[in-house]
């Protein structure tokens, strides 16, 4: 069985610019995720914003089965043409996992069609993530809930589409709730959004967070890659109505006289 | 009761460049729709691609309740910045009705997150549209089905999101089927896609097609306009977990030594 | 404009058997709801378990536009034949609003196809109901959230179908979350479930609870009543494949020799 | 890896009472399905209406992973208590595959909450089933469509719930369309409805029909069996609002004086 090619994309700015964050994720949070989900069936690469083509060359995109995305302060710097290539590849089958502040990334907005708006608060409060899809591949090994001692609050109303299949619902100590894990299908590709992962908390070392991300990678693995096309398609049955077209009536109508 | 402000946007190229199509829609198909759905509760304006800003100035967008969109051969010429403004306004509450070949327009792709791919065939064949949502406001006055003597075939698999609420399912003489009418909600705005309306057939004079579009306009009317925002939100409950943050443990984890 | 015929059905046992509950709802909680939502466009009747046919005679069912249902300790005593009649009428167009402990009623299970299982706790704790569908008719007049000082906790995982359109998400002081308001469509009828309303708290006097119920009544009003039928339907197109049936091949296959 | 326990339930009346049908399925159509999907990973049993307890004893239900259901003329004879046991087991994780005329069975109505109404016609016409979920496990090995030379027409409007994920859309020669394959989730169990399989056509020998049923069995295999429960659940957070209950205000409100 061939390995799943995973590319973990990180904006990778906070970890360079802020000493406190650097202390938590010295090599970048993408590196922490990579170590945390490392397994024999995964072939993991890292990519980040400041690499040429954001590390997402055509070759990388074409050879990625599942793309993990973390961005925050520099969403606007991500090139539109690269987002378009990523979106096209999702439609062809590539999986996408968007983490935390990626809810405002160009690729999240592109797959959801929504604004991604929500409430937020940095107060180091407790988050309790309730597992409401216990049979789903993404929640295997997770109990009825798990907790994070400190996470940024993200709260409703979260502007996401109605076909979001809710996997986790979160309770926040400060009084908010959040659809904090959900799946979508777009084209032939599978998408998972997962709320945890603020840069100033060490939650990408949390075993439940890592287990969810690892499960999501296997779930989002493409069944196949297939180009989306719009073929001119031959008739499978005889078409008999062609010659009877009421052309005269059409022109009369087009004169506007009887409408 | 105030009127609904409707803007009908048409690419408006075929009608100028092709004599046969001009004969059907001499003033453009948008003008035919406008005449066909005219009513006391509607205030209708026209806009088209070759006008300055495609006829979609900020003032027009801000004062539109429901936008109807028809495009085909020049999707790529529609400016990205204007599409972004239209999308933002949909999120704030504006209704959108996408017709026929608009399935490949930038705004359709933006709201669906999908490619819009489908099969097609220009064979003048019969289409029978089955009404599968008889209680829906969009189908009031429509029987269990209606027919178009000649329409371009659009067939499955149609790449649309799973939250598409199906209103019409079409049978085509040549052997294809199509989810030919469906609704979506994006942000605070309502979206309706409707398959009929190829430029070379006079179907925008058909009373059922016009009734559906007219119904859809009333259905898609905004409940309100409200800007999407992402507020920093104060805690509603006391947060007691702050001081207990295991900072030391965090740094240990960040060293990578125990992961 | 004709009035909406609303029937409020209550098990009406707690209020007779428990002095504390009788003190809150001396005439039954259905009477409190009736007074609380009374308006010129509503024609409200009461019905309860211990009346003949549970107060749901054929005449009552046939003349009800929207049925409100509260039950708790005596779900099993509700006659199956009456539930079947109610379900049939919902399929024909009647609206249904299920309150609180009605999540385990026969009619709730019948329309959802699910078990209705959930977590619960009677601790008089605070519930905060977040409005996540601000454009929906059911939430008009409700802000981004409202609170109940004391309510029974109902918590996830709540076993409901995936087409539940979530209207409210609740935060409970004790650490749980709940999809506390959602809509469904079944047949031609609309269904709304709303979590508040434990018999030992006076929440059917709360103005937000009453506003939501009143809004839901108008939303669930039938567009029409239409009997569900399964007609033998004539062909609309010529069927040419009949005579070519490979009967011999069929029989061969049926012999099991070549399968 | 343990085998999947499949029970194929058939009403098994037509095959005994009608010579033409007996000629097609001499041992019953359930036996034909069993032979058609036989494979090393499946452990298949047969059950039918006229056996004691319809062949669905507690032991059989408890040891079934996926139940296939075909019924037609005797839906009403299926015992309610056995349907209730089957439904309970679905909620606990058992898969269910309902075939053809099973759309009017008690178990189909129980899981959908809908009436299952549709149009029908016995005219031996051609059906073309379009695969609109090519990535789905149920359609693997199926091309973009497959055809049945003769099948009973089932047509829209088909009364099914909105969370039906559509897998197949059918075109019928006589002019109808049908959502002819769809999935649901109820409780922890997966459900698939598949339209082909009228008793008077040999379509349970068709390799595509058999492949779809075989795929569906693997897809519907339980992730786990877990009893649905409704626990009284302890608070995870301190509840501070209890003592502040405005009891006096409550009683005042209950007097109805200020409402």
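Residue numbering begins at 1 within each chain, and the chains themselves are lettered A, B, C and D in the order written.
Going forward, contacts are C-beta pairs under 8 Å (C-beta built on N, C-alpha and C of every residue); 3 or more make two chains touch, one makes a residue touch a chain.
Small disclaimer: the values here were computed from a predicted structure and weren't measured.
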{"item": "Those chains which touch chain D and also touch chain C", "value": "A, B"}
{"item": "C-D, B-D or A-C - pair sharing over half of the A-B contact pairs", "value": "C-D"}
{"item": "Homomeric contact chain A-chain C: same or different residue positions, threshold half", "value": "same"}
{"item": "Centre-of-Cα separation between chain C and chain A, whole angstrom", "value": "34"}
{"item": "Between chain C and chain B, distance of the C-alpha-averaged centres to the nearest whole Å", "value": "32"}
{"item": "In chain C, residues with contacts to at least two other chains", "value": "128, 134, 155, 162, 173, 175-176, 185, 236-237"}
{"item": "Residues on chain C engaged by chain A in the complex (per definition of touch)", "value": "128, 130-132, 134, 144, 155-158, 162, 165, 169-172, 175-177, 179"}
{"item": "Complex contact set, residues of chain A against chain B", "value": "23-27, 32, 35-36, 80, 88, 91, 104, 110-115, 117-126, 149-150, 153, 155, 159, 161-163, 173-176, 184-187, 201-202, 205, 228-237, 239-242, 244-246, 250-251, 253-254, 256, 259"}
{"item": "Residues on chain B engaged by chain C in the complex (per definition of touch)", "value": "93, 128, 134-135, 140, 173, 185, 188, 223-224, 226, 236-237"}
